[in-house]
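Structures given as structure tokens follow.
In what follows, subunit A forms one complex with subunit B and a second complex with subunit C.
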Partner chain A sequence: MSVAADSQNMHDSGYQMSQRRRAPVFSVIPSISLNTFREAVRNRILYIILIFALLLMASSGIVRDLTIAAHDRVVRDLGLAAINFFGLAVAILVGINLVYNELDKKSIYTIVSKPVSRWQFLLGKYFGLLLTIYVNILIMGVFFLGVINYQDRVNEDKLAEVLWHQNASGQYEQVQHPTLTYTKYVATSIVASAGQGIANLFGAMTTPRTQYINGVIFATMLELAIITAFAILYSSFSTPILSAIFTIMTFIAGRLNQDIWAYAMELEKKGLRGTMAGNIKYYLSLGASHVVPNLGQYRESANQLNQAGYHGVQWVEMISRPGGISLPAGILPYTIFYTAAILGLSVLIFRSRNFK
Partner chain B sequence: MGIIETRGLTKTYVRDFIDVEHGRLRFHLWKRKVSALRNLNLSVEPGEIFGLLGPNGAGKTTTLKILMGIHFPTSGEATIMGRPLGDREVKSRIGFLPENPYFYDYLTGAEFLNFYGQLYGMPRGERNRKIPELLELVGLSQAGKLPLRGYSKGMNQRIGLAQALLNDPEIVFLDEPQSGLDPLGRKDIRDIILRLREQKKTVFFSSHILSDAEMICDRVAILVKGELRNIGALGQLLSAGIKDYEIVVQGVSGEVFSALRPKMKSYLESSDGIMLMAPDEELAREAVRITLDNHGRLVSFNPRRETLEEYFISQVRSGDNIPQQAVQGAGK
Partner chain C sequence: MKSRMPQASPPGSFWSLFDRPGGWVFFICFLGAVAGALLTQHQFVKGYKEKSWVESLTLPRPEYVKRLVLGYDAVSADLLFMRSVQAFGGIYENADPAGHHYNAIFNYFDVISELDPHFLEAYAFGNMVMGDESNRYDLALLYLKKGQWNNWRAYQPWYDAAYIKVYGAKEPDNQAKFFVRQAIKSKDAPDWVGRLEHMIDEQSGQFDIAMLGWLQTYANSVDHGDKLVAGIAKNRFATTINDWHKKILQDAADKYKKEQGKAANSLDEVAQAGYLPAIPICDLNLLQQNLSMFQAMQGKLSPYVEQIYESSVVQKGGILPNVTRPDDPYVLICMDVKDDRMVVTQSTREMATVQNLKAWRSAIAEFYKANNRYPSSLDELKMALPPSDPYCAGWKYDPASGIIVTPAREDL
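Then we have the complex of A and B:
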């Protein structure tokens, strides 16, 4: 039946489209995102991950005491690794179930019958998951910066200053009520450290070290934007277990991306491409390094920040000038385009699927 | 032209790892074909209550899934309000309750309706007004603040109905709305459907239970094994006449029926009484008269019509002898 005939029929039967209510286009995505966020927040698994992360960071003081040298670096790397690892854990453990559960429990049936397109649904899920991960990272970041600040405030030297003072004859004597003084000092330090942690994350009261941490947290957030897109892609057509495996594989391959590329270059350089096998290896690794997300650059950017000797950047500066001082040029556009491509692919698969 | 039209709607499921169908593009890893719906032609008029009836596995849910855009038809086409399936404008004017619905169980009833209201693009004020009203309508005003996790099956069905009515839809699609409900719940749902009829809404629902359908449906279509067997008013479809009369009596001995006994369809004597199955009204009257003349007690007198279940069975047994004119005339 032609379009003209259709519209003719519509008028005949008296149910032409009124302007009663415009079907929303973009407001739907935030609604779905917020609902996804709410789903994650009311899920126990998120808290288990978060508690583990916070415990690990809180115990960094013990690890520091156990190391011989480079105390600061051990604490810093431990905390940043925790943020990275547990951020990834949320992306995988929460992400793989998000779309699958909707299909498995058939809640998608009523969503699809509403004026919601499938791409809106998928994007809503993506941004909801990303919001969950980012909120998690920010909580971990504030906590970690708080731990570091606390360690700066409460250490042997500082405690000695607080608990012992020099009298007129030049001798040290302990203050009265040392326990009370100690408790008071620790309590105020905890509160002050937490406040300073929040301030640090938003670029105030920073030290080179906290600036470096901010930079790495930012790189982690960018990296997880890509990984989350992959989690959504995989869960749009396979089971949670498979999605988890695929996502982890993608993460590992992505981290190795630059090594895969270097391997291809090495083959070229050493003249090993002459044979058939050599050529196959060369093109496979070259191809793989182009398809797989380049997650190595986020690690690279962290290293650069490190080598720059605490020449960290501030949040606002970093976002307005991506790649400016420390992050490699183009890392922000790279993240956006790569994520958009993966989400586009997910939508292509998802829009023509028969939900079971 | 009806408000819902299907022409040659066919669905063949291919069970496989990845099942992508988009227009002519198909991609399957391996195939196992299951024919769920064959050449369905239906036309539903505005304002009617239309029942899609059939035994389990007849293709009722498949039909609804295709109409709702959850599945894509293998061939054929369908329109709702004259628009092709998936039209967003149409979707904002219909409501749908799936079979055995699951909703986000971490939300409370009110939060859930609020979320769905947002999906319809309803402004906050309208949502705040409409949600308590709907909770009241489906009898959940006390449970609006409880999480859906704690809802019983019947409550789930009710909140599902509430979300289907959220946008004041012109057509309501209900998949087995009364399944799993107690008699009171069934009655409540029936009352709501009847109220929708008063408001001149179109209701399209599926059921495998006759009593659900026969009290409320204007017309029914009967699906068996993915094929349309018949369409029309329910009374016309089932043999209008009465099949037999079931009579149960007490306080008389079996001897009084000795003359009548061979003419009965069946005869059963037990310590509780005597059950007779009379093939026609005259014999049934005779049996009652004999009972009363002998000072017996009439326990029950039950004229039995053919039930939908029996109809299904006869249709399934009839195999390929489908009344063709019924199928061809179905779209008219």
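Then we have the complex of A and C:
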């Protein structure tokens, strides 16, 4: 047997051994994900962010009194912005530490010594973090929809109906036990509003005030899938602070993606490409607009849905208005492809990383 | 044997600070520092001067703000909108009598609608601030045009633009009518939006079209049993006839002055000179009879509006009546400048006379107070714009008693 054949046999047997050692993909990744989720929910930052978001949404009742018009709109926009912003905060603040902590505490050695590939580890971390963010968003979403439903149920008109009734002579009189009636009504309203909020998330029992909110939340979830992938990418090769800075910068650049492209077009239109510097700027910005995630389209989708919900019209009608931006098609496939690409890059970096 | 030594506080607790003399010294120094800081701060506070709150609504250009908010467009628009609501009626930064600061306010609202082009309440409120509050109809219309472009299916920006053109800029032109017609096309337009078109017709001098419009509104309302709108339409119809009558009388008085070289002192003079010939005019009494007749015969009014209107037109000349208040006929009053004449109702002339007499009497009283005598003539009062006698008879003034009256109505 030649040396080459020996070598090939050894390689094959080693490969087969490693294949035998490796646990099935579909059990490893969920296990790591669930562990990551359990680890993340023990993080106090998560609760602080969540409480802050819920307080902000609960205070929307006060904020709506600060305006003379567009009350419903203010509540709706404030809640949706809070869900997006605090979801982003969770993605950045929790995501940047995930991989770094494993390296810092040397717990990565125990993991990689087990039959777990690095890519499985990284994907597990990603999906665990995504699960944490999505659970947070769903809690915020249900709470937000509950607040809107509660405002619909407990308002001056409804309370007047509950606490006052017309007697036989047609005059209004208060019910016998107003405090008890009020307390019972408010308590049942809270439970009913929360239940309706859960139904609203699945598009059921919607009112004009809650219409399409689930769609906006879905767009936010897709956007955060990309941001989380970036948080994991940066976390796989840098320190938490640098990862945070990089992720925030990516977020800003992503939201301004169209402007980066517009800058390149402006350079061309104004004839500033004549010099080398002009050319470098042009190709850099054009390249960046193709590489940087287009987060603006998620906002456009969310805005279109929000507008449609706010005005109580079908979104097809909304987008046909002059000046209306055509609804970006295929944000779901885009999210899947882009996230897969970023995670692939993370795996490539992480697999060549020396843990010593 | 128990120790008589005092028990030491647990280390790290607040009271352990006082276990050693150094702790006491530190604590006293700490209290001194706090007291010193508070005293110094109090001195600063005493020096504060009260300043009036100035609202600053200056923002960068919309395209910059749009980028700065990083996609949180809707909520940013809401916050800016709420800020503008809070600032409404306040003292604005760089406010100048020429109203140039409203360019900054326009930019502010422009930012809101750049962030959310479908924010209808912002257009309505911006129009209120720039149009109604500050009389900058140009800016208000410019802003509403943006609203129309972005929300052409919503009635509000179209209606607001028409309203501000008619009642603000006093331009009841075809553009205003176009705005109303666009507003009517919107699904969300209330029924009353279309009535603004009748007002535009009336204000632009197209009285017959306005009357037909009001009559159609009246007929529709009666057919649908809407008594409230029927009452409004009937009132507006009568007011339009009155406005038409006034216009005819005014045109005749102006023509008289132009051709005769002097202004007439009464409408009788104008009529006698042949300036008020018989012309086709809608007669309100006849119209009411026709309406009742058609209602009784056909059971419906709306399909027969033109027929009813045409059968109510009669040839009328002379001094046209005040159809809503026949006891308060139209008369001429002398204006303060250029010897002009204006057609008003008799009661309005009386009110104007009382007002003018009040101005004269007040000036005479002041003169008396300063000089201890009455002016020898009204010219001695040297009023910048001496009020004229609306009755065109000239004031009757007694220098001895300081009494001033109009010869036409000495009782006023």
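A few remarks follow.
Operating definition for what follows: the second predicted complex is superposed on the first by the 284 of 356 C-alpha atoms of A that agree within 3 Å, B and C clash if a C-alpha of one lies under 4 Å from a C-alpha of the other, contacts with A are read in each partner's own complex, and residues count from 1 in each chain.
One rule holds for everything that comes next: a contact is a pair of C-beta atoms (placed from the backbone, for glycine too) under 8 Å apart; a residue touches a chain by one contact, two chains touch by 3 or more.
All values reported here derive from a predicted model rather than from experimental measurement.
When the shared chain is aligned, subunit B comes close enough to touch A:Ser27, but subunit C does not. Once the two complexes are laid over each other on the shared chain, residue contacts for A:Lys106 go to subunit B alone; subunit C is not touched. Of the two partners subunit B and subunit C, more subunit A residues are in touch with B. Once the two complexes are laid over each other on the shared chain, residue contacts for A:Asn167 go to neither subunit B nor subunit C.
When the shared chain is aligned, subunit C comes close enough to touch A:Leu80, but subunit B does not.
In the superposition on chain A, no contact is made by A:Gln176 with either subunit B or subunit C.
Using the contact criterion defined above for the overlaid structures, shared-chain residue A:Arg353 touches subunit B, although it does not reach subunit C. Interface of subunit A with subunit C (complex): residues 63, 66-70, 73-74, 77-78, 80-81, 84-85, 251-252, 255-256, 259, 295-296, 299, 303, 306-307, 310-311, 317-318, 321-324.
The residues of subunit C lying in touch with subunit A in their complex are 67, 70-75, 77-78, 81-82, 85-86, 116-119, 121-122, 124-125, 149-153. Remark: subunit A residues 6-7, 9-10, 12-15, 17, 20-24, 27-28, 31-32, 35, 38-39, 42-43, 105-117, 237-238, 349, 351-355 touch subunit B in the complex. Across the complex, subunit A is touched by residues 1-3, 13, 17-22, 25, 46, 65, 68-72, 79, 81-83, 88-89, 91-98, 100-104, 106-107, 115-116, 118-122, 160, 163, 167, 170, 173 of subunit B.
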